[in-house]
Each structure stands twice: as C-alpha cells, then as structure tokens.
C-alpha cells in the first residue's frame, strides 16, 4: 500500500474525535487529511480548538491543521463521524448524499433499516445492507455505524454464546465511565463519591442495538435477534471503561468450562482478515474472582478487547458474569476504525 | 421512663461500632454502659482504641470509657454486636448463653433456624421465634439479627410490593459503598476511579436473607418466601449508601401510580409503635428521573429511610427501579437499634 | 422583630445562589422575596431554572417563586449578589445606584477603594468606608463585599495572630474543592484522580484581598497590611472545603501553646453582637496530628468556623499550620449573610 | 553483554517490589533470580504471595518463582531493597555485611554518614562514599540509597537551578499520591473526596534529604547544601504522582526564559552514560498554564522524567513553580534501578 487513504473527522474536537486523532496517528492505511467540528471552531487551529484530553501527546501535524467547515465540499471521500446525535441526524445524510463514505459513531442513524450497525467480530455480513442503501445507490456515498459504547462490550461477550448455545434472555446493569458523556460532560459535583442511576436514552439504545447486532441479514433488512432483554444504566466515578453485570438464559444447557472456552477461542472476521485494529483475542476471560476491573483491565489489547469474568450460575436465569470494555476505544473510535478497515478490505472505500 | 437501659457494644471500635456510639449518644431509652472490642483493645480508652471516623464529634463520656474484655462477665443485659462474622460465631452464643439479649448486626447466625432475622417494618412478628430459641429457654438470653446492608434497602422496597401484589422474581445489582467493608476496609489503590465486581459471600447473603425476611412465621420456624432471586454485588467509590438496580416480576398486574402510592403510603409496626429510631416514611419515592443518588439521598430521615426512584417497565420482568439506603445506618447500626426498640416495646428486654 | 426584611438574590440559580436559598430558609431576620439570574432563566420557576445541588430539600416556597429580570425595578432594598465577576461588574453598580444595599460575594468590586471588603470577625470597622462610598451618598444604595473563598479561611486564622503578634510574611498553598468553581464547573474528566495546579486569577485575589482585609481604616480608605505574601492555588477532588498549607513569619517570638490559645479564644464583633450566623468559635484548633480534613471538619459550626491544625515550627519562617474552611458557606454565602447581619445591626440596611 | 546479572528483590510483594518486578522484566542488564518478602510469604509462589497491583501483566516467569527467606544465604550478589524502614534497618546491614550490593529504596540508612544517597542526574559522584563505607571495606558489600519519593521530583527540578544560579531557600508543599503509602496503605474511607494534611516523618525526610542530595562530597563525607528549607506534606486522592507547589530564592537574578532553558537543557551522568533507565530529558518544562497534572504527565519518559510548569514570580521569594514526578517509578523502583545501572557502569557491582 504505497499511499495512505486520506480521511476526515467530523466532530474532531470532542473526546471521541480526539480518540480518532490518537488512533489514526500511526495507522497503516488511513491518514488524517481534514478535520471539522462545530461552526465555532471553523478555521481555528486544531490545537486551539480542541482541549486535548488524551494521555499521549497531540500529534504535531494535526495540531497545526485548521478546522474546515462541516460541509462535504472539499472533504475527503472517507469520513469518520463523532457528532452528537442531533447534529449527526442532519450532517451525516448530507455527507452520504455527497458521495462520502461515512463511518459513524453517532446514534442518529443506527436503527434506520438500511443502515448497517456493525461490530466486525459479530455481524460483518451486515455491511451488505449497503448494497441497498439509498445514498449508495444514488451517490455512491453511504453511512455505516457502530453501536453505543454500552452495547459493544455486552454484544462482544454475547456473540460467541449466541452462536454456540443460543440466547433467550439478557439482563444487563451498567456502571459507565464519565468519558462516555464527552467533555466537559459529567460535572465533578455530580459524580465525585456518587452514582447517577440514569443516562438519557441509554437503556433504549442498549436494548434495541443488541438485538439488531445479533440479528440476521435477510435480504435488504435485518431481522433482529429474538432476545428478551432488559438494561439498567448507571454512571460511576470511573474515567474510562464500562463495567456491566450480566445474566443470560441460554437455549442449550452447557457447563462453565465450555462457556469460558467459547469466549477465549472466539475469533472472527477481523482476526481472519488481520485488520490492523483488530484485537488478537476479542473476548478474554479473566480467572481471578474479582476481575475485570476498569483500573487493570480496560486497556487490554490496546483497549480493543472485551474482558469477561466471574462466570457463575444465576438464581433466575442460567448464568451471571461481568463484562468490561473501553468505552471510547472499543466502544467508539476504535469501533468505527475497525468498521472502516473492514469496509476497505471488502472494497467499499475504493 | 425514669432511667435508661444500660447497653453494651461488642465490636465497638469498628465502623458499625462507631455508628452505634453515634446513634446512642442521645437515645431516649438506651445508654452506653460497656464497650468491648478485640483483645488488642482491652483496657484502653475508647478514644485511643478507636480511630473515630464519624463526622460528628466522639461523645466525651464515651471517649473516656475503657474497653472491657469481650466476655459476658460484667457485661450489661442488652448487647449490640458489631463483630466480624467469624468472631461473632464464637462470641454471640457465649453472651446469649450467659443470659444477654444480643442484638446483632453480624451475619454469623442470621440464617440459623431459631434466630429471628428482622426488619421491624417488614417482619416484626418473626421475633416470636425467640420463644423457641434454645438460649432463651435455658438462660433467658437470646440473639436477634438484622440483615446484610445490601439486603436491607432492597427488602424495604420489596415488602410493600409483596404485601400488595405478590413477588415472583427479583433481579438486583448492587453498587455498594466502601464503608460497608469496615475500616480500614477497601484500600484506596483498589477503588479510586474503579469498580470491583466482587464482594465475598455478599450475593449469597443477599439472596437467602431476602427470602427469610419476606418469609412467613410458621410455628417454630420461618417458611422462606417463594421468590426466585439473583443478585450481583459490586463495590464503587462511594463513601456511604448502597445503590441497587432492581427488576421485579409481580404476581398481579398493576400500574405505575399504584406502585408508587404503595411505597409512599407504606407504614408499619415501628411507625405505629412510634419507635424512637423509626423513620416517618420508611420508603420514599423520588420523582426526579435521575434519583436516588448517594450524594443527595442517603441521609433521608436520618439515614433510616430507603429511597426509591426510576420506576419504569422492564423488558424482561414487569418493573425496573433503583433503590438506595444507608449501609451503616439503615443497613447496620440503625437496623439493630430499631430491632432493640421493637424488642423493648414487646417486652423482650426484661 | 415582628416582620422579616425582604431580600433578593442576584445569581440565585448557581451554587452560591443555592447556598443563599438554603441558609436563608430559616433565617430570623431575612426572608427571600425576589430571585434573579441570567436572562435565560427569566420568568421561569426557580425549581425549573435551578439544578438544585444542595443536600437539604429545596424549600417549597422558593421552588414556586418565579425568577425576575435582573434589574433594580421591583427588586427589594437588600440584595445578596452571587454573580460571575464580569456580570457583577455591570449589574452591582446598577443596583447600588438604584438605592439597593448590595451584599456581594463577587470579586468585581472587592478591591475598589471605597468598597468595603469585610469579614466581620476581622475588620468589621471597614464598613465605615460606606459613609464615603459614591453610590451611598447619591442614592443611599451601596456595595459591600466578602473575600474570595480561598482568602477567607486563611484570614480568619491570621487575624488573631496579626492582632496578638504581628505578621510579616505569609506563604500559603491551597488545595481547593470543586464547588468553588460553581456548577457545572470543573469537569469530572479533569479532576477524578487528579490535581490541577491552576485556578485563574485566584492567587492574585488571595494575595491582595488578604492585605486589604488585614489593613487599617484610614479616613476614607484602607491602608493595606504590610505583609509579604505568596499564594499557590491548586484544585483537588474534594466536594466542599478548601485546605491550605500555611507558613508565617511573626513579628514577635511566641510559643506553640500561646498561638493555639490565641486561636481558640478568638472572639470578635459577630460573637459580641450575637449575629445569627456567627459561629460560636470562629477559629478552632484541632489537636490531632492529621487534622483538619475536609471529610470530617468542613461543617464545623454549620460551616462557619475555620479549622486549624498541625501547628509546628517552620524551617524557613516561624510557624507552619494547616487551615480548612467551607468554601461555599464561610467562603461565600455565609460570609455575605454575616456581612448583612452586621450591616443590619449597624443600621445600614435602613 | 552475553549474560545478565542475577538480582534479588527484598520486599518483593509490596507496591515498590512489584514495580521492581515490572521494570526488570525486560531489563537489558539485570535479571530477577531471587525474591524475598516477609516471613509470612516464605516459600509461597510469588503469584500467590503478592497481590499484583500493576497494570501490566505479572511476568509468567516471576509468577512461578518461590519466595526465599529474607536472609543473605543463597541470595544473589545484587539486591534491590524495598522494605519498610524498620525492617530495612535490620536486614540491609545483614546483606551488606554478607557481601551483597544493596541498592535500597528504604529510608533507614539514607542519612547515615557513609551511605550514599543518590540521584544519578544530581550527585552521581556521591557514590565515591562507598570507598570508605565500613561494610564495603570488610565484606565488599555495601548499601546505596535513593531519596524519598517526595524529595526526588523536587531535587530534580532544583539541581539545575542550584548549579546555574545557586539556591538559598526552598518552600515546598506536596500533594502526594496514595501509592506512596504502599498497599493496602491508605484506606479508601480516609481519602475519597478528602485531603489528609499529614504523612508521618515525610517533611523531615524531604528537608534533610534535599540538603544531602544537593550537598558536596568532601573526602569521606557529604557537606549538606546550605539551603533553608520548609516542607508541608499532604495526601490527596490521586493514584500515582506527587505534585508539589514550590517557591525558591536564588542566589543570582535570572529571567523566566533562562530558568526554563536551564531545565529543558539539563542533561547529566545517566544521559551521558546512556544508562538503560535514564530519561532522555530528566526535567521537562510544560508551557500550558495548568500543567503538570498527574492524569496527563505522570508517565512522561516512562515515569522517569520530572515535569515542571507554571514558573512565575513569587511574592515572597523569587520564583514559584509546580513539579510532578512519578512516586513509585522515578521516586522509588526506577530510582534504585538507575542507581544500580550507575554502579554497574562505575564498576561497583563487581
């Protein structure tokens, strides 16, 4: 690959936008060529418009770039979008209509019937929905989305179980990190020493996205998985990493060791295709009785692996376990990046 | 009541022991006359043996008291016990055999068939088990217990629902405060910015105690409630207050308003008897979509009320809600104190 | 006092505005009659416009009040102001010109030569500056201010030393609570597990206000105290309470016990006048080697006392100690309230 | 270097011991051959005896090693010691007498006249003290120490100023991370949302070690630097990284740019010798007004660089600034490791 594919970032100054900048710095296939954010940021230097919150240094080349207007004119062909839902609902269709490949982290279009909602390890085949997507047929542009950060870790843990044993019911309670709310996001006065048992619209997203992700491609649409599900979403004083207490009812009776092996052995399309951002082992089971924990486990495999632990029988359903994943890497920027890599290999970017 | 009843505290130097000292300071019926802790503390001044962690000042009279040996000789008739389970298993029977009324917060004897496990609002009648308790028949002494801090808030919220509508299934995920682990308890390196998805033996206690508490007195034993239940227990970086995400399946179909009214109107034995530590309203429903929260709600009614909020339909069972209660007041020292007040009024303290 | 004095609050919806509402709820002399905040809030119910962050319940009467335009027309005679400095610089003079008694917590006018900057225990006589204040001579209205929250605790600790021994040099490093930055204020992503060694303009305010407060009224102006001073200001992950490490060089040689006694015995005008919000003991020395601490000591005397501890010799100056005070009570709303009480007794409220 | 030098770790299970294990995993010169901790741990597997608190995985080879008795018999020639001071006072001399090269992080012997206290960038020549050290003359063994974690960052920032401009007075207030207290160390109930203005013996160590480090080797002893110094030490709710507010009085008048350049250009013995653990730039000045901060800056140059910022004039002395360094890397295990590398190159490891 002689030259890299130029990409743009819509919503480049927020926390997820910053993760895109960070993760694209040394990417073997993609190169940042264009940045845009709100009108307020237009024409400013990225280093001035963004309040850099990553722990690695802001790449010098990006620091010196100026923010473009958030319009398709002059934007590159491939766009990563990290916009608030309301803005995304307006802008993403504009870019798709203009012929751009929009790889979006926003919730705006995730549940639209002809928009693929994809985790490459789980439902890579759903990208075929693009063949019938209106924008693509008209302009060649399209929108592909990744799920909400709270759904990602859960579905990575569920997918191998669904394939091997079938899932009937899922009960999930989240303890979500503050970075999931962006920056400035959650006020310190709200969360220091506290739990907030509410995140607007989060439970609805988590429930419906899980069923779409685990659903089956049926011609030009997705038949959602027939899973009964309930989610409770809470915010806790953690910087990065959503921890979730999960109970599941499976269709087949299995033993502890079988489930653990199913998780640890799980490999899928991104691993087979050796996509650059693919974790070696997408789901890793931790044997210690008190893991996973955000402090120790959130950065597993560069933040792209889901960590599972505490598998034990459940008094109501079959099994209980805890899953943890990095909300702004695996649950946001890394998710979109892996989608883009999948699209590239499958010939959709070119 | 001319003179107060002298009481002792076993395990007086720990966090729950300190709560007893704090809550007994101005108690109208009881007066601290004796304190004991581990051998290490024996004969030391309380102010030196205890690392006082309450926010109110250590009462001067107690500061000057010396710790007695943890033996029944010389102990008063009424003993509040705040011991670790392993120590309690050994000491509580000794005190009961010696004729003491042991009002215990420990888990050691809670599930013993002839030991009442009591929340006065929920199952005050269970104290009749004492009439058949071995110790009581021999020496007049006895042991009465209150539940684990994680079960208390949950059962306060469930009890009115059980009475009015019947409960079939309970799913509960806790986010528990560090004070529940005593002092020094949870290391700061373990919990700052973190979630620990494990508390040893907590899930088992929560599940079985809930069923005993909601069970029915049947002659000389308790028939546990026929409830299917699953608990996940997590530790979070909160000082005081256990927050719990709960789903329930009820036996009867009811509406939101009916449930809320059932909670808000719930009054029971402690309110009828006007026990000094009884909250005016044991369960209070908070209408705001993001409450209850430990920061704002944990001290409701002096820490003796359970706060409930976010009642909404559940995708798996009937209803979801959040409950919060103070783990070292309502869930420990205050629970035992209310039990002692009930026992006093019912004539069990002699 | 048959009827209470009606008062207004400018900036009523912020954290300090909420403290005013909380502290005025049961005030014996004042009664909230008028509330105003930003244009955005105008005409809305207080319960809707303010995101109530206090731990006590929002008083029902205030909840139902509507926010007035932030203009003197229709405002009561006595106004508590809790505005951002830039807004205060514009609005406070308008209210003073219109004849209002403005008791301000803002920094805008604190250093203006004819505006008293007052801590009633320290420099109650400075209110005589009002007799020459331009607004007062024209309209009868005036502005009185209290110091920055970081200066308040420090100056309470310094004042008795200045009186008894004389102060030459002060070195102070603060560790300030997040509530000092208002709401939403400090983002959780900025402060969880972190220290921010910078608070805009705070060090300058702390240094110059300390000298004005400890200065001498000299006819129509204040001669600032001749103290050499250096302040470093840091933000830490504490909810309420500014902790400060202080070293001082005194003019006279004294012993430890003498200094401690000087602090503990310190009583002044508010105590003599028995002002309703005056702490019984404005400065209390805590003998334990690891105190004061925000968790335990911030609410001393209703948050109106400064707590001092760890007095020990300093390798560079004479003495080192730690001081703690509540930044939104003693350092903001309570400070203004005590000023208003002083003004009332001294006949300035008309 | 064909084979690596086998080394042992005394106190291998604590937080600093774990850092040694972590930092030695891929070390080019040293290889862990022996581990010891308390009697309680003897003969246990390291993976069972240590509660691993590092974020990288416990190296498999070390996990399987068994803990040896903490005695010189069978110990390798080079020993890293991470013991509590009281234990170190007893054990380190035993190992030195037995001929071991003890590279210690403990405070026990730091101030002993013939024991070098070394930061290789600051006073590498002090290792010549070894030539007169009693143990070395008898058995060939010796003890070399590194300073307290609170002194390390400070002295790294001061050393270039001392060399270039001379230092007269230092005032330092620390805000120290909880990892500095080891594990379990600080109880979460003590530090969540709190500041503790006291760390036992820390201020004394910081003051005297700073003067020894900046002192001059004078034959067989160190003439301490003639610096007047005062330290205040506080604990804050930060995981790793001590932040310090510092004021200094210099002997020569200089400008801001000159000081910043002096810091940024500072290179010394470890950089010249290209020691494997040496940071490229030992002191780096951060230009942003609100840095350094633990969250972003603590891991600079693998945790081996001190970060300095906020240089500005001081109202009392000449200059104020903030310094941050990693307390368990640069301030403990990494410090000892760099000392060992220096000793190796200088021929002291035999």
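We call the chains A, B, C and D, going by the order they appear; numbering starts again at 1 in every chain.
By definition in this document, a residue touches a chain if its C-beta (ideal position, glycine included) is under 8 Å from a C-beta of that chain, and two chains touch if they have at least 3 such contacts.
Predicted, not measured: the structure shown is a model, and the values here were computed from it.
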Lowest number of touching-chain links that must be crossed from chain B to chain D: 1
Most distant chain from chain B, judged by the mean position of its C-alpha atoms: D
Chain centre separation (chain A, chain D; CA means) in Å: 41
Centre distance in Å when chain A and chain C are each reduced to the mean of their C-alpha atoms: 47
Contacts with two or more other chains, residues of chain A listed in rising order: 190, 192-193, 237-239, 295
Residues of chain D touching chain B in the complex: 15, 53, 178-179, 183-193, 237-239
Residues of chain D that touch chain C when the two form their complex: 169-171, 173, 175, 190, 193-198, 207, 228-232, 234, 236-239, 243, 245, 247, 289-295, 309-310, 314-317, 320, 322
Residue numbers on chain C that touch chain B, as the complex places them: 55, 192-193, 295-296, 299
